[in-house]
Amino acid sequence: MSFPPALLELLVLCLGLALLLVESFTEKQDRTLLAYIGMVGLGVIFLILQLLPPGPTGMASYVFDPVAIFFKKFVVLTTIIVLIMSVDYATTIQRFVPGISSQAGLGEFFAIPILTCAGMMWMASAIDFILIFVSLELVTISFYVLVAFMRRNASSLEAGVKYLILSAFSTGFFAYGAAWIFGVTGNTNLVRIQQVLPALGAENYSAILFGALLVLVGLGFKIAAAPFQFWVPDVYQGAPTPITAFLSVGSKAVGFIVLLRVVQAFQSLPPVGDKVVAALIILAAATLIYGNLAALPQTNLKRLLAYSSIGHAGYLLMAVAGISARDSGQAVVIYLAAYLLMTLLSFLILIIVSNYADGDEIVNFNGLSQRSPLLAFGLLVAMMSLAGVPFTAGFLGKFLVFKVAYESQQFVLLALGIITVGCGFYYYLKVVRAMYWQSAASNGATIPVSGLSFATIVLLVLFTFLLGIFPQMATGLLR
Amino acid sequence: MDSVAWIILFTPLVSALVITLFTQPYRKLSSYLSVAAVGISFLFSLIVFFSPDGSAGFTWIDLGIFQVRIGYLIDGLTRLMLLVVSGVGLLIHIYSIGYMQDDAGRSRYFGALSLFMFSMLGIVLADNFIMMFMSWELVGVSSYLLIGHWFFRSSAADAANKAFLVNRIGDFGFMLGILLVWSATGTVAFTELTHKWSSLALGSTFMTVAPLLVFCGAVGKSAQFPLHVWLPDAMEGPTPVSALIHAATMVAAGVFMLARTFFLFEHSPLALGIILWIGLITSLLAAFMATQQSDIKRVLAYSTLSQLGLMVAAVGLAAPGAGIFHLFTHASFKALLFLGAGSVIHSLHHEQNIWHMGGLQRRMPITFWTFLVGTLALIACPPFSGFWSKDGILAASQGNFPAFCAIALVTFLTAFYMARLFVVAFLGHSRTEHAEHAHESPRVMTVPLILLAIPATIAGLPPIASLFWRVSGHEGSPATAIIVSLVAFVAGVLAGFALYRSRDKDPLNIPLFEYRFYIDQLYDQLVKWTQDLLAGICGFVDRWIIDGGVVRGLSGMTWGTGFALRFLQIGNLQAYAFLFGLGVVVLLYFILFGVP
Amino acid sequence: MAPIVFWIFVILMLGFGLSVIVSRNPVTSALSLVVSFIALAALYVSLGAFFIGVIQILVYAGAVMVLFLFIIMLLDLRVEIRKRMNLPAVSGGTIVIILFIKILFDVCYSFNGGHAEFPAVSVATHGDVWTIGTMIFRYYNLPLQIVGTLILVASIGVVILSKRELK
Amino acid sequence: MVTLNDYLLASGLLFSLGFAGVLLRRNIIVIYMALELMLNASALALVGFSRFHVRDGLPDYNAQIFVFFIITVAAAEVAVGLAIIVALFRARQTTRVEDLTSLRF
């Protein structure tokens, strides 16, 4: 194949730039057209990714292995769905962005996620701390802008500031940790680090571990691992909902791929690797407990999804902590695939309903089954899958994670995981109860759903089931 | 041969999917689709009936250590059950067309019915525990949907919940049992297990506990004491559902499962003893309760319980063949009785109290006569089918005197309460206006009655029965068994007639029986106490751990609640940063210096 | 480099760093930040990293400080009113910091090679700007492009977030 | 004699100062300055390590390039961060963290 894989990100970048140019040089065009162009363009990128075989790239810091391909597809797909959500969300954006024309700022709102997507794709391939750092920062800085985008909305700004400060804080730890890792090993490249680590003298173990733990802290922030997750509920609630979805799926996923690569690199030196795993176990346990317990009293669906996203980070960390098991990476990948389906499904329905009901409290979903059976069913499937009911994608993910925990003998985590699944059932069913058991509030009319969103919901529901019923499909994700 | 079994299994599934996804608005079409699907299943079951044994399958989910196989196993047991399930199912589907005529949720009803057929056939065909368990759960789900079909009636919704929850208790044991068996032998396939289990050299405790856990599944599904409480309440569902699911097929699944996995039990006398007595206790309790019920469907429900107890007791007597034979005859006559009751209820505008009926023999002749056939079969009047099968169980208990007495007593009680039901509901004069204006049900309902009356009459006769099922040892049925059974039957019928002839209200009043030995009340209390306890614990957790710990913890605790409150005023971001930093330091400290 | 010069710059850097976080007036903080960073640049130079030292001064003294001062003036931030010390926050934070410093010292002292003199280096033939430039364009082209994208996003973001009325 | 250790301690103390600033200050702008201190501390550590790891008689320039990127990114981050803070000030007339508590629990 003569197509160099590194060109893909540049294509995405060009797509983003093209949108920005079109945005600035047209006056009367309907801005949502830009979103559609973006979706089509990303769709083409997705197809190319589907065709490209993994192989060498000729660069030391950039790989194109099956995992990278999976994550690239993952973020491209996420971005497409985020754009679909953004179109539905455009009215809210217009309300909170001051402008001369009615569609001011919309073009940027559609274009920046595409640039973010390029950053995430770079992260998926990066195996060098320098490359990881800059692409991570590209993603982070675009999220600063996107989270605070609705600047007439005080919540959005507050969320932006909280994300800004805490994210920069975590970046500080990440950079300092990377500096120490370089200092001990003399390398920034993970492959080289993995090679030189076994020769490391025992007196340097605490130095390398110090660096590794600080890097873990920086990544822990991205993936919302406790105790670095405090920003999550506030920021998720305040940010524009499509961006919340983007944060909770895309940003978390690329955090996990970097985490996987870093943890993998440290496995070549067992005394240090074991301690890194010990740290992961602590983080996983804390995250599971915090995410699932704190979700119990929530009454706001967006916030509930934030806590649930923390909880899911806990399960994913369980899988990473089981790195000694053969299928650890596969479990992470499949869990994330399931997570993408169900989380984006919930957020998409949340946007449609809250646009209409003007609120994202759970009570706004009362009697949804009568007002809009499709939306109610979609959210039902999403909640079932998030809770881990059999025959949904979420069950498969949890099953594999528990299997990995079992094989790597993390029995405490396994027990904790099973208990917290129980908690999960409680708070996810709360939403289902509202939709199916409560009667609708005053506003009983059906909720209009655009054709594109309709198709997306149907596809997401379909794949949630397909992945749950035919797990072989999922194992094919990593060719 | 290969494809035939798959067609039997999957046609109802296709129908269920098509109905739920596409034909929801077209109620007529949905009902015909569902009937056609079960018709196809029935036709192919007939083909299977005349085909040789076989088995096949494929691996559905392969996740390394864990594999799920979908496969079928056809032997004599499967053949008979296929015929019962799809045959009775077909008749009840047809009957439902008439019975559910005016129901707005007809599509939903037939969709759930098709789903039920699929999962029930899945249990029957399954060649391994996992597939059986999945179908088992699906049966539970469809039963839940059907009991709660009229969910706007709170009693129906409650009954559905009760059935579902009670069944979960049994299924939990079942699942543990399967896991134990799997961990001990490494396989879940029945044929392999049969060989491996007998050669298993494990302690007798294990060999008793594992089968008993599997038996828990049957206790739940076949409504055995102490989990029997859901079945009478399940009568809140539409009557055809009661006939199909809660009389003929699903509740018999437990007995079928015991017969299928009998190899687990035969090596443990203790397990068999426990099964025997649970069956007998259920049977006796239910028979006593049935004597004081006034709801026609409840009387039938308790008689179902009682008969299921007999079948389970037959397994406990190491005669699963006799149990299955009784299952087979019971399916036809109990479905007949329920459908007859449904016919009465339908024409009396949903009147279910037998004291509001009476004098129906002239107004509903077909229902009357077929119901009589069913009653005679149930109370073991020779030569109706029930006589032969009950006699088989009685014969099997010959060596066990207490069991023999208990079964004889059940036979007597059965004759008594059925005579009571029959006399009060059908004979004498009409006690209400509805009963006076009753008229025969439409043909779509009476034809299934007639069709079911045929097997209820003749299926037990040895020459015919041997076509379907070979009951070992039945030929040499000892004279004592026959005599005792006949005496009990005659005494019961006479007592029933004597007491209830031309009465307008019940001359007997035994609250203990009427209130079902207060078992439900006891359970309700228990549930209430547990709920109170749990609510207390949850409240405590919520107040002190979630509120006090986590929520305040977000804003920074570690310095005690007093400080924490002031810390809250500083503002969250700083508290977050502080906790972040604290987390970093603790993590570093713990990992660098703490972990050995 | 003479140890005395090194220690002077270290003390300058840390002293003004401390001043950043303790002064009540944000303007003082911003100016202290710059002095601290100039001292830091001197440390870079002492390590032979001339290019880094130069851009440190250019970026921080030239751009970042101006930005900070500009914003402080724009928002018209005054000296913080002296509030009662928030004892739990301050003491909690202090304990965390002290623990962190302790861990840091342990790690530094355990680090092998940290106590020896730096290995000798020759001066790069073309100077370090040339070397760094060549390496950036030869090996670090991809990160450079990503940083370009990053700056693009940042500038769009700044416009979006602060323009009074968007087009 | 100045050793690597001295540089590392200096950088560590600078990092801790930044850390302390984030934990103890309440003015968002000052917190932001403290964050800059943290980033620069890692830059100092990297330059120290660059001098420590000698390759072909030259310092390891890879680390200096890392520093170059850190400085660039930090500058961009400052720009965006201050823009958000200004927007916040316009909306809420505050730069104090304790006023930002409308999103909680």
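For reference, chains read A, B, C and D in written order, and residue numbers begin at 1 within each chain.
Here, a residue touches a chain if its C-beta (ideal position, glycine included) is under 8 Å from a C-beta of that chain, and two chains touch if they have at least 3 such contacts.
What you see is a predicted model, and the numbers here were worked out from it, not measured in a lab.
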Labels of chains that are neighbours to chain C and to chain D: A, B
Relative to chain A, chain with the most remote C-alpha centre: B
Contact-richer chain pair [B-C vs A-B]: A-B
Centre-to-centre distance between chain C and chain B (centres being mean Cα positions), rounded to whole Å: 73
Mean-CA-position distance for chain B and chain A (Å): 45
Chain B and chain D, separation of their C-alpha mean positions in angstrom: 68
Inter-chain centre distance, chain A versus chain D - centres from mean C-alpha coordinates, in Å: 26
Residue list for chain D, restricted to those that touch at least two other chains: 8, 15, 18-19, 22-23, 26, 31, 43, 48, 52, 62, 65, 69, 73, 76-77, 80, 84-85, 87, 97, 100, 103-104
Residues of chain B engaged with two or more neighbouring chains: 551, 554, 570, 572-574, 577-578, 581-582, 584, 588, 592
For chain C, residues that touch 2 or more chains besides their own: 89, 92-93, 96-97, 100, 103, 106-107, 111, 140, 143, 147, 150, 154, 157, 161
Topology of the chain contact graph, where touching chains are joined (line, ring, star, complete, other): complete
Footprint of chain A on chain C - complex, ascending: 103, 106-107, 110-112, 139-140, 142-143, 145-147, 149-150, 152-154, 156-157, 160-161, 164-167
Contact set on chain C toward chain B in their complex: 86-89, 91-93, 96-97, 99-100, 103, 106-107
Interface residues, chain D side, partner chain B - complex: 19, 22-23, 26, 31, 96-101, 103-105
Complex contact set, residues of chain B against chain D: 551, 554-555, 569-574, 577-578, 581
Complex interface listing, chain A residues touching chain C: 6, 10, 13, 17, 20, 59-62, 97-101, 104-105, 108, 111-112, 115-116, 118-119, 122, 130-131, 134-135, 137-138, 141-142, 144-145, 148-149, 151, 180, 183-184, 201, 203-204, 206-207, 210
